[in-house]
Every structure is written in C-alpha cells, then in structure tokens.
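In what comes next, subunit A is part of two complexes: it sits with subunit B in the first one and with subunit C in the second one.
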Partner chain A sequence: MDSLIKEFKTAYADQLGNDLAKTLTPDVPNNAAQLLSVWESGNSQSIKDDLKFLFVRDKSARLNMSSDEAVGWQEIYYSYWKALGEILAAEGLRKSRVKTSWTSVYEAWKELTSQIIRGYTNHEFENWTIPCLYIAGKYMRLYAMRADAERGNNGDDMVTNFQDDFDPETEKHKSLEDCARQLNRIFNLCLSDRAPLAESRKWGIYYAINLLFKTYFKLNSAALSKNVLRVLSAGRGDMPDFESFPKSQQVTFKYYEGVLAFLEENYEEAEKHLTLAWLLCHKGATRNMELILTYLIPCHLLTTHTLPSEKLLAPFPRLQALFLKLATAIKKGDLRGFHQALQEGEEEFVKRRIYLTLERGRDIALRNLLRKVFIAGGFLEGAGGEAQVRRTRIPVSEFAAAIRMSGGQDIDTDEVECLLANMIYKNLMKGYIAHERGFVVLSKNGAFPGTGV
Partner chain B sequence: MSWASATPPGTQPGYASYAHGRYNTSVRRFATLPSTHSTSSAMPCPSNPRHSVAANVSPPPAATAYTPVPVRQGFGQPYTLQPQYAAYATPTNPPPAPAAPLQNHNSSSKRSTGLTSHAKDAGIMYTTEWDNMPLPQVLVRTHRAAQLEAQQRASQMMASAWSNSAMTTASAEPVHATANHHNNSKKRKSSDFSESDPSSGTPWRSNKKLSKLSLSDRISQPPAWIRFNTAEYKTYRSPSPPPPTGPILGTCTNLEKNYLRLTAPPKPSLVRPEHILHQTLDLLKKKWRKENNYNYICDQFKSLRQDLTVQRIKNEFTVSVYEIHARIALEKGDLGEYNQCQTQLRALYASGIKGNAVEFKAYRILYFIHTANRTALNDAIADLTTADKEERAIKHALEVRSALALGNYHRFFQLYLDVPNMGAYLMDMFVKRERLAALANMCKAYKPDFKLRFITEELAFESDAEAAQFIIDHNGQHLLIERDDSIMFLAGNAKALFETARADAHRRVDLKGQI
Partner chain C sequence: MASTSTPKPDEKSSTPADSKPEQSQNNKTAGALEEDDEFEDFPVEDWPAEETEAANQQGNNTSGGTAADHLWEESWDDDDTSDDFSAQLREELKKVDAAKRR
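Here is the complex of A and B:
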C-alpha cells in the first residue's frame, strides 16, 4: 500500500493523470505479483486507518491538496483495496480463500467507481485526474460482463419482479445493465460540469460516451445510444471542439456514430462518419480499420455503387473473406455467384448486422447484368452521318434469358418485368416497360446512370 | 488515542456493537504505530486483528493479564456458546464487504472483545460491576429472538416455501445475503471506522447522543441507520418481511381469475398452482371455442400467465399457454399481446423447452417484417439454425423477407397466397402497404398502360373488382378506363399518386413501431 500511495503522490505532485490512473489499474494478467503484494500489505481492520495516516496525517510527505480532497482519495484507495481483494480472489490468486463470484467483484468495483464520482462532486477533484474515471469505467464494464457470463445459466435470480412475464434480457444482462446506469452517471458527471473549459470535466465526455456505446451495443439496445447523441448535440455549444479531443476518442466516437446511422439505414450519414473515422484511424490499428471498413464498404456499395479494390482489402484477410467473393459476383453481374457468396457468409454477415444491407447489392449485380444485355444489343443503323445510337427497345424476353442464365433458375416473364420495374423505380435504369407489347424502352442517353452507357 | 478521538463521537446505543470494531483497530494501531510510520512493514503477515484479539480472550486466564475475575466469568462464554463464530476467527484476512456479517454474528465477538479493551482503556474496568451489566450475548439473543418471531409470524402467513426461503436468507452467510444486507453492512462498516471517540457508543455506559454527531456524520449515515437501534429494529423488520428470494407456491383453487397488474408481492392465496392452471387452460380452450369472446379470453390468459410467472413455472405447459394465447391474439389481430407472448416464447425455446418453435420463429420473422424493425429482424435471423432454415414455415418467412427487401412484389404476392400455419394473419397486416409500394413501383416503370387483370394477378387480388376498388379507394378512379372489352390501368398517368400513399403507409408503421 505504501508504495502504491507513493506512486500516487508522485503522480499527483506532477499532475499526471495517466500515471495517477495507473495506481488504480487492476491489470491482473500483467501485474499479478505487484497487485497481490498491495492487497496483502493491508488488512480489513487497519487499512482505513493506514490510509488515513498516509493521506492526512503523514506530515513528511504532505501533498498540496485540501484535507477534504485527501479524504476523497483516501476513500477511493480504501474501495480500491477492497475491490482488489475480490478481484484477486475471483482470479484464484489468493491463497487463503475460496473463489468468490465476479458479481461481488463487480459490486466492489462499482463501489470504487461511486467513490471516484463522489470525489468530483464532493471532494473538489480537479479535471486532470479524469483518467481515474476512465479506468473505473473501463474495468467496471469488463467485470460486469464477466459477472453476467459467470451467472449465465446458474439461474440464481433473486429478483422478484412484479411483471406479468419474465424478462429474459434483463436476467441475462443484470450486471451489465446496472453498469450502463453507472456509466451514464459518469457521462452526466462530465456533461454537467459548468467550470470553464480549461478546468472542465467535459474533457472526459467522449471517453464516457464511447464506453456507454460499447455497453449499449453489447446489451443489444444500440437505440439507447441515440439518447446520448441527442443530449450531446443539445450541449454541443459549450463543448470543447471535437477536434481537440484525443484522436483515439474521436475515432471510436465517429465509428459508433457511423454504425448507429448505418443501423438506421441512413447510409449517407453513416458514410460521412465512417469516412472520418477511417481517415483519423491510426495506421497501425489494423483491427480498428477492419471494423470501420466492415461498415464503410456496404455503405459505399449502396451510396455510390462502388466496390472495394483488392489493394484496399489486401492488408485485411478477414475482410477479404467477407467481401471479395461478393464483390466479384457483383462486378460480373453473376446472380448465382452473388447468391452463393451471400449464403456462405450469412452467419458472419448477420452477426455483424450487415446482411440486410449487403443483400441489396443484388440490385447492383442485376443492374450490371442488364447493362450487359443492353450493350450486347449493339447499335442501330445510324441514319446518315449521325453518331451511332444504341438499340433502346429491348424485348423483355432478352432480359429474361440473361437472368435465367445468370441466376441458374427458371423465372417467369412477369417476375422479370417486376425486377425490371424495380430497376427503373430505384433509378438504376432509365426507361419504361411497355407491358402490352412486351418490350422495354431504355433512355437514349444514360440508360444506366453512372456507368457510362 | 489522541488522534483517534479527533473525529467526533456519535454512535447509537443499538449500534454499539459495530462501534466496537474501532477499538480493535485503535488497539492495534498502538501496537504498530510508535515503532514505525511505514505500517506496511508491520502488515504483510496476513494476521487478522480480530483473530488476535479473540485469541487474547478465548483462553481467558492466560492471555488477558489485566482482566479481573468477575469480568472473565461473563466474557469467556460467548466463544463456547457460539461455535459458528470460529469461522470468523480464523486468520483468513477476508475483505471487509462480504466479511461484514449479519448483525448478530458480528456483534457477539465484538461486544465481548471490545468491551474488555474499552474498559481497560478507559480505566474503569476495575470499577464497573460487570456482573450487573447486560451481557452482550444477551443483547444478541434478544435480537435473534425478535427476528425469529418476525419470521415465524411471516411463515404463518405465507406458504411454506416462502417462509423457508426467508429463513435461509436470514441465516445465510453474507455472500448469499440479499442486496439489502450488503448495503447496510457496508454503511455500518464505514461509520464503524470513522468514529473514534472512546467515550461514546456503548449502551451500558453513556448516551452521548445524536446532538453530538457532527454534520458530516449525520450526512454520511442514512436515515435507515438512525432507526437501527435495538428497539426499533424489530418493528422495522417485522411488519414486512424481506421479499422472498424464491418463487411462491399458490394455493388458490379457482379456475378463473381476473387479471390485475401486480404492484406488490403476490399472495399465495390468490395464485393458482400448476395443476389448477392445467384445468384452467382446458376450460379456456373450451370457452374460446364456444363463446369466442376475446376480451374475456385475453384477460384470463393474462392472469394465467401472471400466475405462471410469479411461481416461476417454465416448462412445456408454460410454452403451450403462451402458444395458445399467441395464436388467439393473432387471430384477433391483437399484436400487442401477440408480441408479448412471442418474446416469452423465444426465451422459453432458447432455454430448451419443447414446443412449436418452428412455427413461432416463422411468425416472429413475419412480425418484424410488419413492424419494419430491422434490428430485431436481424436478431431473428441470427437465432435460426441451419436446420431451421430448411423448415417450410421458416423458409417461407425468409423468402417473404427477401422478396420485400429486393422489391420483388411478384414473388411476394405469390408467397402471400400460400402461407403455412397462421402466418396469413400476420401477412394481412402489411399486405396493403406492400400493394401500395408495388403500385408505386409499377406506375413509375410502366408506360403507357396495361390491363387491370395484370394488377389483379400480380398483387394477388381476388378479383378485378377488388383490385379496382383498391385503386379507387386511393383516389385512382381516373386511372381506370374501359377499352375494347377490358379495363385498362393508365400507369403512366398516375405520377406520384401511389408514391405518396406508399410513403404514408410506411411512415405509419415506423411511428407505430413495436405495437
């Protein structure tokens, strides 16, 4: 404990928020021995007084902080020590005690988080200490997920609800839902600070939001993120410039903002945010770039009808597996190939929530196929010296034949007409169908907008 | 002790037991402090102070040289009387939160050890008549008796299952204690350490009272704490026993029961046990066939479901109740109730209970197509196994979805004409919307006209008349003309008519969302 507090004091004296946060980081995999020694250096009876001594009474190493603030830190380290005990026990690192549950780890960590929040509301913590809040939020989410996973099918639900039906989602995610509420407290703590920007906790807001987004996505209630965005845009006026936040936070935030728009089928908006995230993303963060592209590629497919080049996908084998086959099929207008690629990837696509979007790529594949038919139709005999004109009256049966060939299935003329009608309706093809006469009349200039014919 | 007394006094008499924890620490502090400021040097050995003090006391004559005889008679006892306490005296170094046990446990050891050390410190050990003081364990016993009484009263009221679970909670180890207990013990704990005036907080000695509490103390301690003195503690707990942790068992034998939303824990006398519910279901099925009164049936099914939930019955019977209610709701177009049933069914199937999972998974997809809930639709698809996708009903639902996604109305209306199970009820809900979409589509793509018959066939109307009526209903009468011996539809002249209608229809569902 002493060494820990010494680290704290050094960090505090230099006002280094990240170093400060490090003293509260229960990074067990990398730091087990040290954490164990911290835990063992205290005991439940005297720890409180030890801390009081270290923070308040130890005259030899007085810090430049008010006694009120010192009490706040003392409480925090007390909670941290308690939480550490639970964590080590849950990891099975403590010799003398049976394993406890991750739920109690979560509860202990939640207590620590509350103490830190209290530090800002009651104990005049300054805003450079915010990384402590980050650490608290970060690990709280992790512990909540472990608690939920551990509880899993144990079925020890102690809640008596007065609902008519049980709610399977809440029972599965009890801790994480609680965690979302706590993270919301952190978010509000940052949001509601009215101090001048230089000293404001508003600088913590995007970290808090990003944690909240992650949690909401995990809880399958991404829609709740909308509320956060709404609050944020309402208070944007008194916020520091988005560009002045750390890039890592910008990228994460833009990514989530983009994915949210994506899920709402607002592809233009999504493309804007995701592109920004893509440009800001660190070039070494392969995984992040991969995630961004997972949504940006389907976006582009729908908004600009463009496909990823092989060069773009080259560094991402996972994305290649996802998209390459699909892209080739679309490019060639190969309906059967498209169908197969979609089916093969279905599980993965559904998991990433891009299945329903990618499915619409079929329109582009079909457009490319019909365009081939149009081109194959060749040119009419030019009247006099005029420029050659393509044949624009094409029998429906020609399109039907192409679709049959490409799709490998029989299809009746009415359905072909229906597909053609869709092409026209969606502005992928210009012209009209003359049903009674059985052919399609395509526009002379730009029958397939954006493709050069 | 000088610094220890710096924080203000303030303990309630009933709380004395907890205030005693402080004596242990302060005693210990004396041992470690003067030698070195770096306490950690003295600490690494995971010795438990409570244990060490206990060790001082339990073999009374040897360890406590300073205790005179009359004290020892009283205070040697708790340890022999309460063997369960041995668990807490082992040197395990437990973290405080879960180690803070229930009231009774903690108090017994601390009362005794705290009492002696306190008396020693205050220098009154030799002057107090210990034999006449109320023994700590007596206080503890009164507590226990009171609690037990409360529980017995509760158990007379409740069915056996309930009271049993209440008892287990009360006597369980802290790990299993309810959240309530956790909170209380935590709060007690912190007050415990922050107060350090030795002259307060002992019921036999002083009533330095609340007035002496500093503001911060009063704020840091919740009102519940104030209530927690010995006398009021009983009345605090007894009238409403803690909510049961297990399911209740109903004792009601009426077959029918009106639905009433619960606002408090259910009374077993008003809940029907499972075998009665079986009879209820049979009765309801009969009545539905005979009377077809949806309001009555829905109400009965809701109360039936409620009884299942409060008793935590989740088996094939539960599934059949939800399935039947879902089907009836579908038939009557009550999507609200249908959706509730469907949500439950999904969870029940997922937990491995048999039923008509395929049928309802298919409905679920169709339902989300209707509500245009893409996220939920995605989840519904994610739920399907490869085997599921081969089932006819699910295959059908997936094809419906795919046809709509691609705007393939031709295929969609073919599927509409051939729906397995009761899916047609669901498809009826959105078929009008899709007809408008298809018409909007056709009006843009076709020029100049085509036979009305084509619409009838493509959009699965039963007759030309019905198709014409549909168009007229949407102010499209001017688009229909008679030519030769058939009616023509002037698609090229429709302009944005159906496009507007389509947008309206889609918006309405968006707003309604999850009905």
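Here is the complex of A and C:
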C-alpha cells in the first residue's frame, strides 16, 4: 500500500490525472503480482491505520491539499483496497481460496465509485483528477456485465427471485441497470459543474456519455441515449468546444450519435456523424472502423445512392462478406441476386439493425435495371447533325420483360406499372405512365436523375 | 442456461478457480471475436491529425481529387455489357410476343 500511495503522491504533486488514475486501475491481466502485493500489505484494520497515517498524520510528506481533501482520498484508497480483495478472489488469485462472486465485486467497486463521486461533491477534488472518475466508470460497467453473466450462468435468479413481479429480462441485466444509474450520477456530476471552464468537470462529460451509450445499447434502450443527447444539447452553450476533447472521445461519441440517428431513420444526420467519426478515427483501429462503416455504408446507399468501392472494403474482409454481394446485385440491377444476398445475410443484417435500411436498396437495383432498359432503347433515328436524342417512349412490356428476366419470376403488367409509379414517386425516374396506350414517357432531360441519362 | 454436456470454449476460462493471467488473455480475445457492435476502447486517448483515417486517405490518394472519390462509387454500372443486356431483352420480348400470338 505504501508504494501505491507513493505513486499517488508523485502524480498528485505534478497534477497528472492519468497517472493518478493508474493507481486506481485493477488491470489484473497485466499487473496481477503488484495488485496482489497491495492487497496482501495488510488487513482491514491495519490498512485503515496506514492510510490515515499516510494521508493525514504524515506531516513530512504533506501535499498541497486540504485536510478535508486528504480524508476524501484516504477513504477512496480504503474502498479500493477492499474492492481489490474481491476482484482478486473472483479471479482466483488470492492464496486463501475465498469464495466470492462478480456481483460482490460489482458492489465493492460501486462503493469505490461513490467515494470518488463524493470526493468531488464533499472533498474539493479538482477537475484535473477526473481520469479517476473514468476508471471508476469503466471498470464498474465491466464488472456489472460480468456479474450479470455469472448470475445468468448459475441460474441464481431463477431460484431466489420467484416473486409476483419477477421479470426475467430486468433480472438478466440487474447489475448493468444499476450501473447505468451510477454512470448517470457521474454524467450529472460533470454536467452540473458551474466552475469556469478551465477548472470545470465538464471536461469529463463525453467520457461519461460514451460509457452511458455503451451501457444503454447493451440494455437495448436507445431511447435513454436520446435523453442524454437532449440534456447535452440543452447545456451545449456553456460546454467546451467539441473539437478540444481527445479524439478517442470524439470518435466514440460521433459513432453512437450516428447510430442513434440511423435507428431513427434520419439517414442524412447519421451520415454526417458517422463520416466525422470515420475521418477522425485512428487509422489502425480496424474493428472500430468496421463498425462505423457498417452503418455508414447503408447511409450512403440511401442518401447519395453510392456504394463502397473495392478499395474501401479491401482492408475489411468482414464488411466484404456483409456487403459485396448486395452491392454487386444493386449495380447490375439484378433483382434476384439482390433478393438472394438479402436473404443470405438476413440474420447478420437484422442483428446489426441494418436489414430494413438495406432492403430499401432494392429501389436502387430496380432503378438501375430500368435505366438499362432505357439505354438499350437506343437513340431516335433521323435527327442527323444535332445531338442524338434517346427514345423516351418505352413500352411497359419492355420494362415488364426486364423485371421478369432479372427477378426470375413472372409478374403481371399491373404490378409492373405499380413499380414504375413508385419509381416516379420516389424521384428515381422522371416521366409518366400512359396507361391506356401501354407505355411510359420518360423525361428528355434526366430520365433517371443523377445518373447521367 | 449452459448445458453441462456441451462445454463452451469460454466456460472454462471464466471459472475463477483456474483462471491465470494467460487465460484471462484468452478470455479477452474470445470476447473480441464475439459478435458485438460495441465500440472498442482506443489504446490511446488522443492522436495527431496525421494518424487519422482522413490523413490516411489523403496519403494513399496520388491521383488528385478528393479522397472520398475513390472510396465510394456510383451505384450503377455502365460499362458492363449493355449490348448483352439489350440482346437478352430483345430475346425476352420476342418470347412475350410469340406467347401473345399463340
């Protein structure tokens, strides 16, 4: 414990928030031995005494902090030590094989988090120490998920909680739901700080929001995420500039903001956010890039009717598997191919919540097919010398034949006319249907807007 | 609930009793492979503009124009055998005609 507090004091003297947070980081995979030695450095009573000595009585190493603040830190390290005991036990690393559960770990860590929050509300902690809040929130969420998973595996809840209002869905995420409430406290702690910006906890806001987003998405509650966005935009006036936050926070925030807009079918908004996330993303973060593109590609399909190039997909085999077949079918105007690709990918598309969006790509495939019919119709004869004019009166039967050919199944003329009317309505094709005479009159300039013909 | 007869790969390593550092490492990779659209933590907090994807795209783009031009392409295909298509379409129309006459 002494060495840990020594690290704390060095970080504190230089006001290095990240170094400070490191002393509260239970990174078991990389640091097991050291964490174990901290835990084994005493028992509950001796640790309490040690901490009191180190923070309050030891005049020789007095830091530039009020005694009130020192008490706050003393309590934090005591909670941390207790949590460490649970963590090491749950990982099976303690010498005496103590039985514990991830639920106990979660509870112990939650207690630590509360102590840290109290540091800001009651013990005058300064804003440069907020990385401690980050660490608290980050690990709290991880432990909550492990606690939920462990209870799920053991079937504990089934036995103990047969009450009338028993709801298996809520039970499944009991710890994570609770965690969301704690994270909300952190969010509000940052949001409500009235200190001038340079000293404000508002600098912690995006880290807190990103943790909340991840949590709410796990809980399948996009609506709660929207709430956070609403609160944020209400207070945006006296917030630091978004660009001045670390890029990791900017990119994560923009990803979730984009996905939220996407889920509301607000594709233009979604495209804006996701594009920003994509461009700012670290070039080596392949998985995150993949996630951003998973939503950005369907956005592009609907907003600008563009498809990812081979070059774009080259580094991402998973995205190739997801989108390549579909993109090829759209390009070729291959209705049957489109249908097949959509069916083959259905499970994955539904899981990623992009199925309904991609389904709308069928319109683009159909547009491309009709466009081919138009081009195959060639030019009108006899207009020598002048610019050539395309044939713009196209029999419905030609479109019908093309749709039949491409779709691989029969379709009657009424249905074809219905599809054509839809195309015109969606402004994917310009013209009108002369129903009585059985042909379509397409616009002479720009029959298929935006496609060069 | 996990059935006891078919052990899942992650079951073993998540038992506290036999988890060693290297096994928690395995645990980690198993978690990463798990299909999940949770955004990952970046290994670093911040990075300079040169390390962003935007800079990456600029760097790879030697032929001028904006980077995005090469990454997104139009959704239709002009250069694929339009002639084949029209020939096929004519065939199809003939069939339709023939069917009508019969």
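A few points about this structure:
Throughout what follows, the second predicted complex is superposed on the first by the 430 of 453 C-alpha atoms of A that agree within 3 Å, B and C clash if a C-alpha of one lies under 4 Å from a C-alpha of the other, contacts with A are read in each partner's own complex, and residues count from 1 in each chain.
Note that in this section a residue touches a chain if its C-beta (ideal position, glycine included) is under 8 Å from a C-beta of that chain, and two chains touch if they have at least 3 such contacts.
Everything quoted here is computed from the prediction, not taken from an experiment.
After superposition onto subunit A, the modelled positions of subunit B and subunit C are compatible, with room for both. Of the two partner chains, neither subunit B nor subunit C is touched by A:15. In the overlay built on the shared chain, the residue A:415 is in contact with subunit B alone; subunit C does not reach it. By the touch criterion stated above, A:67 is placed in contact with neither subunit B nor subunit C.
Within the superposed three-chain model, A:91 lies in touch with subunit C and out of touch with subunit B [touch as defined at top]. Of the two partner chains placed around the shared chain by superposition, subunit C is the only one that A:256 touches, whereas subunit B remains out of contact.
Shared-chain residue A:227: touches no atom of subunit B or subunit C.
When the two structures are aligned on the shared chain, A:312 is found in touch with subunit C, with no touch to subunit B. In the superposed pair of complexes, A:289 makes contact with subunit C only, with no contact to subunit B.
Of the two partner chains, subunit B is the only one touched by A:424; subunit C is not. The superposed arrangement places subunit B and subunit C with a least CA-CA distance of 9 Å. Residues common to the contacts of subunit A with subunit B and with subunit C across the two structures: 89, 97, 100, 351. Of all residues in subunit A, only 18, 28-29, 32, 89-93, 97, 100, 138, 149-150, 152-153, 155, 210, 214, 217-218, 246-249, 251-252, 255-256, 278-285, 287-289, 291, 294, 300-301, 304-309, 311-312, 330-333, 351-352, 364, 367-368, 371-373, 375-376, 378, 397-398, 400-402, 404-405, 451 touch subunit C in the complex they form.
For subunit C in complex with subunit A, the residues that touch the partner chain are 1-2, 11, 14-19, 21, 24-25, 28, 32, 35, 37-42, 44-47, 51-57, 70-78, 80, 82, 85-86, 88-89, 92-93, 96.
Here subunit A touches subunit B in the complex through residues 1-3, 37, 40-46, 48-50, 53, 57-58, 60, 82, 85-86, 89, 96-97, 100-101, 104, 107-108, 111, 158, 160, 162-166, 168, 220, 222-223, 263, 265, 350-351, 353, 355-356, 359-360, 362-363, 414-415, 417-422, 424-426, 432-436, 441, going by the rule given at the top.
Contact residues on subunit B toward subunit A in their complex (touch as defined above): 3, 21, 24-26, 28-29, 32, 37-40, 43-44, 46-50, 91-99, 175, 178, 182, 186, 193-194, 243-245, 261-265, 302, 305-306, 309-310, 312, 340, 343-344, 346-347, 350, 374-375, 377-379, 381-382, 402, 405-411, 440-442, 444-451, 454, 457-458, 492.
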